[in-house]
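The structure under discussion appears below in the form of structure tokens.
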């Protein structure tokens, strides 16, 4: 094996959807270099087509994508759009990829996204500010990535004219496809998936009846910027529908040719979302019905989402897969209305119901393009085109050094995609050279000049942004005029301000003229502040001695029709900037020295995996386990659904954890106290039978405390020897196969103790346990009679195939309703069970010699409550830790420096726990990459002499940061302050100022505006 | 704490309009805490008065200063440096502060900018409620920690009256019936038998009944 | 009076209204040059004093523009700002300046059109109200803004 | 053993159902207005309550009106609220009243000035109604002022107080009565009773504690004149409990018959209350409807009134 130091420090990521972006950010934040390749001309992937996403019903891409362009990160991320992989050579640590990029005809370095070309030649300019087809309210971040246009040369008739309109001279009609070789230590594949082949949906009349639409089309109809402007109207006649039906599994879970036999996993949730949004917006007069086979809402708190849809929104659910949709005729012509025909369970006659509109919940499939890509890379796929991965290594493909995440691995939703992306980043990072010197690229600045005692020397630089500013106002004249203001030493027009030349010029003048305040008249500080701040830093000036005046976006662009007004306003805005810059003072970004040690609480598979991943990356890890052995719940599991040996895996992992030079394992250890901030935590632990107290200092904390195996005292569990849990049966099959073989009749009951009031969520693992054990019993004894009583069989993704196999082998699956639970009574050595047979529609009694209860998980309330109190962390109502953002930050806890993984987050399988453990390790590495944590400078500062300890800041802070300290005045921890300034404006004693936005500074702007500049 | 509320602008404008140069004095104690007369309110009132007199075209100067506590002579002494340049003083403190300034600067008109309201507690941000009437003879030990004098509209010592409705006072449904609160507390404390002991007529001499009061701590004075 | 050009100060929050203003710019939507924007991290930062001082120093109208209800990046800054605007309106009525000279608006970052429309409508409203009465009468007032 | 010479006490002590009614003094100084109203009550009630600045509106003083009524040969009952007088004024008033032969009184806290025509008036509340009862009892039985000094010629007042069985908290209503009993009250006049079920529940509580043996309880009756009045009583008068079915019933008859229906309803209430253990009589508050009191008393079978 190679020495790691010889390996590349770069990761190639293919696919710029949510997964690719997340992996790129994780790696970049951890100091790794990334080449992010996407074949489209802007990144975003499938998610850009969605209206809003469950379960927050928010737009989320907008929060993630712009972070790619944040200062520093972009130094590590090389974004290549319109690019594809031609081929890859080499192996782990030293891949060489050949990339080709199609011509964009726009020079990304020059394009300012001014939009001139788009306005004049809308037909041949592709403009997607990430999200152009979405609701305008969603366009929070117009700086799409990349924030540039793309030209469709074939659609362009007058190329010369097009080139001429670009003020930045960015259009290059001679742009050619380009090739590039990229060396990378590891490759992450996140190419996403396509949706179901629509041509197969003709049984449902898709493409024939206009009012049969796919779920994606329905999202577009709901969207405010969609074809209907957000009006919910049906395509055929523009009328508002009164009855809408969703048909689940359109194209999934079917053995028909061309259809997917697997489950597409995300459709149940998005159908719920669409139905709920529909009800929410048109509650009074619209009926929503979902036709389904099983509602697969197995994710964290998804069950509650389902309950909300049922109980709060009145969404109707019909358990049936409709066989056809027919148009309704009246007077011989189609009315647009549709009849859905379906059979109810046990019903003898088909039912027909009329709807105004039908939404087909389409699933995912892998495109041929992606299959070809896999072939080029030598990555093995399963028969459906998804990447083959291992049970205990969820993102590793068949080829070392190449990782798969997101839909390409198996159908899944966004949180799971993000978890896998993190896991892939973690694995890829492990294949690179060890931690390099961090921030070598960023921290190349001279020491800061001490300006205290200096007279104020203001430099004014006005950018003309080509014609954007300079074409409307006389930039030179204004600069000359501003020179007359007091304390202004330099005032000049600098041409294109953000060009390298200009920036260097500014830097020179700062040094030469000993400037100590700088005003830049240019574009929006939102997009360019960081650029100019860097210039100040390079000139040895504190970056906060800067005021950027937004001349372009808020003056010359807006008032280009009235240049005289624009000129006056520009002058006024500049005066405001000069007034304010005088009162700026050097500020320090709040940083914390970073302790890079890691505390992992919980020594199950999740905790061990996270610990080992981080230890391999060179971090010192304390692994704290409550019991006297590592392994956790996995110790009780023998085989996975896929047949892998769990004990062998656990044994290897325990050995690695216990013998790793970077891991210190503390068994019989209980966390008792905790103080400090991220990067400098102190946690007290009592260890061993004597409960010896010791304090651990660490930078981050990972909670992997798991959940408890549920054993509710129900259905004779614990009081009758024929009543087992799935775990008991798993052990019985493995340890005493002859006993298992003797079981002639077995009944399994699902959701015992889960999806009930006391434990509302789905335990997630029970359906697969039941199928797994049923298959194994059938293997031992093909004649065994096995009945599985279930509420919804939740076998997402490829697991569906095991479910199909079990049914083929004669396992009987019969649904029961929660209101009509199976009744159990002892019957000698056997157990008598009565349930309502859904086909016969009446009570049936069976006697079985094995009653197997799928009891799942229950939160370890005691531990999470104790730890929640000690660490100040929120929990869900059913006792799991509550992550910061269910969708975007699934393993980050709200308090910086805390992460959660595994069953402590929500019930999950070993495989999913491993993925989360790796994701957590990845997130942790982003946190641990720096030597200090930058908290920014815009924080509230309390003048303790003025503070009246009135508590108003304490009460008004939206984040609960201020507190009254032991000296009796308010204290605001700059590392925790979010910088909104609410406390400052509420403080009745004027004791709080928000740095960068001090009251004086705001008043100085007003004075500048009214020409009272001192 | 003592609570107060700024007077109406009309009243304030009327009372300061005879003067050209005004010293506006805030207090960093109770009136800051109840957002009536701290630095922020001083600045806001100053701004509003200036704006008004600008509109009137009347020359008007205002100087702002906020003392740590207006009811202590040592702090009030800080005004010495500013008092001569003012024609009048407008105090944003409670009545105690206004009087302290008036006592110190006998020649200078001193006017209150706030109405002193009551001794109360902050129920939440921006809401203060009366809690104590300063009767000088505390009965809270007998009434479950809820004062019938300050909190019953009729200051009944043996309530509730017949107007108590769903826990609220007949005077205003926003007011909690103090006797309902007392009863609830007594129940929670297992002290309901206390309720039927009739409280005798109160001796108001400990309160305002015997004229202005004074506390003298011999050991400190 | 016919040529009266009011001066409008707009306190805009970084995340929504200021971004909406940028959007209006990038879409080349016109609104009167009378509007001058002061950027704040959140409208929760804008106190009653900021609005009053803007008027005292010479503005004819002031508005605060924040995120849509429920969309504040700092949870509740915009609702606080709205309450303060209501308070300042009352105060201005009391001192005879007129509460209609201040206003609160809400918009999301993508609402460039709303920003432009709001700026135009508010400017027109102030234009019809005439100059800030304090500014007209103040003998000490100097400078071109008067 | 009689505590006073009050006719009302004698009737109650004899075990017969007593009847009282009230007369609101005029908002002016005309004595004939008092006499007119009182005259209507002659012979049909045992005592005439004279309200004291009722609903916190200024009226002729209760004492002055009582004297006028006394001079007519009727039995006035002096109402006195703690809202308007401190303990000095109240005691002097009691002495003055008794000097005119007025020997019945009712101690009340009074409606809050907030509801009246002088909302800015200070509410005195030097003492409360329980303490007022205690004070008058001490004057009568011990011959001492509240301050402890001896009275030269103590007033022998028959002392009453009010009770509202319908106010909240309900569980406290019996206990509050017990406080008044403990303070030494002789009789109670209740708030108007419309919700008889609830009243019975309250009376049961009184009886369970044996309080009915220590105090006479006169059930308050107010006939409804119209559905409008019924709604007003329900929604606007604090501490009033008017069941919806009553409003429905009076609202169900034509406007011109509503007054008669109101009287019928009040007669039915009286009939039912006669059977309730502990009810010692009726206090008929026919607000500005004094001329119908005789009819009500007569139709209720309570005439003629006993004499002593």
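Order of writing sets the labels: A, B, C and D. Residues in every chain begin at 1.
Throughout what follows, a contact is a pair of C-beta atoms (placed from the backbone, for glycine too) under 8 Å apart; a residue touches a chain by one contact, two chains touch by 3 or more.
These figures come from a predicted structure and were not determined experimentally.
Peer 1: How many steps does it take, at the fewest, to get from subunit A to subunit D if each step moves to a chain that touches the one before?
Peer 2: 2
Peer 1: Could you quickly compare A-C and B-D and let me know which has more C-beta contacts?
Peer 2: A-C
Peer 1: For subunit A and subunit C, what's the span in angstrom between their mean Cα positions?
Peer 2: That gives a centre separation of 37 Å.
Peer 1: Quick one: subunit C and subunit D, Cα centre-to-centre, how many Å?
Peer 2: Distance between chain centres: 63 Å.
Peer 1: I'd like the Å distance between the centres of subunit B and subunit D, where a centre is the mean of that chain's Cα atoms.
Peer 2: The computed centroid separation for subunit B versus subunit D comes out at 40 Å.
Peer 1: Could you state the distance in Å from the CA-based centre of subunit A to that of subunit B?
Peer 2: Roughly 53 Å, centre to centre.
Peer 1: Any chance you could list the residues of subunit D touching two or more other chains?
Peer 2: Touching at least two other chains: none.
Peer 1: Could you pull out the residues of subunit A that touch at least 2 other chains?
Peer 2: Residues 956 of subunit A each touch two or more of the other chains.
Peer 1: Going by the contact rule already set, what residues in subunit C reach two or more other chains?
Peer 2: If we look for residues of subunit C contacting two or more partner chains, we find 47, 49, 53.
Peer 1: When you check every pair of chains, which ones turn out to touch?
Peer 2: Taking the chains two at a time, the touching pairs are A-B, A-C, B-C, B-D.
Peer 1: Write out the stretch or stretches of subunit A touching subunit C in their complex.
Peer 2: That would be residues 113-115, 119, 135-142, 524-526, 550, 552-555, 557-562, 565-566, 568-569, 572-573, 576, 938, 956, 958-959, 978-982, 984-986, 994, 997, 999, 1002-1003, 1005-1007, 1009-1012 of subunit A.
Peer 1: Could you list, by residue number, the parts of subunit A that touch subunit B in their complex?
Peer 2: So the residues of subunit A touching subunit B come out as 946, 948-952, 955-956, 987-991.
Peer 1: For subunit D, which residues are in contact with subunit B within the complex?
Peer 2: So the residues of subunit D in touch with subunit B come to 82-83, 87, 109-112, 114-115, 123, 125-131, 134-135, 146, 162-164, 167-169, 172, 175-176, 178-179, 182-183, 191, 238-239.
Peer 1: Report the residues of subunit B in contact with subunit D in the complex, numbered from low to high.
Peer 2: Counting only subunit B, the residues touching subunit D are 153-167, 170-172, 177, 179-180, 183, 195-196, 198-202, 204.
Peer 1: Which bits of subunit B are touching subunit A when the two form their complex?
Peer 2: So the residues of subunit B in touch with subunit A come to 28-29, 32-33, 35, 38-41, 43, 66, 122, 124-125.
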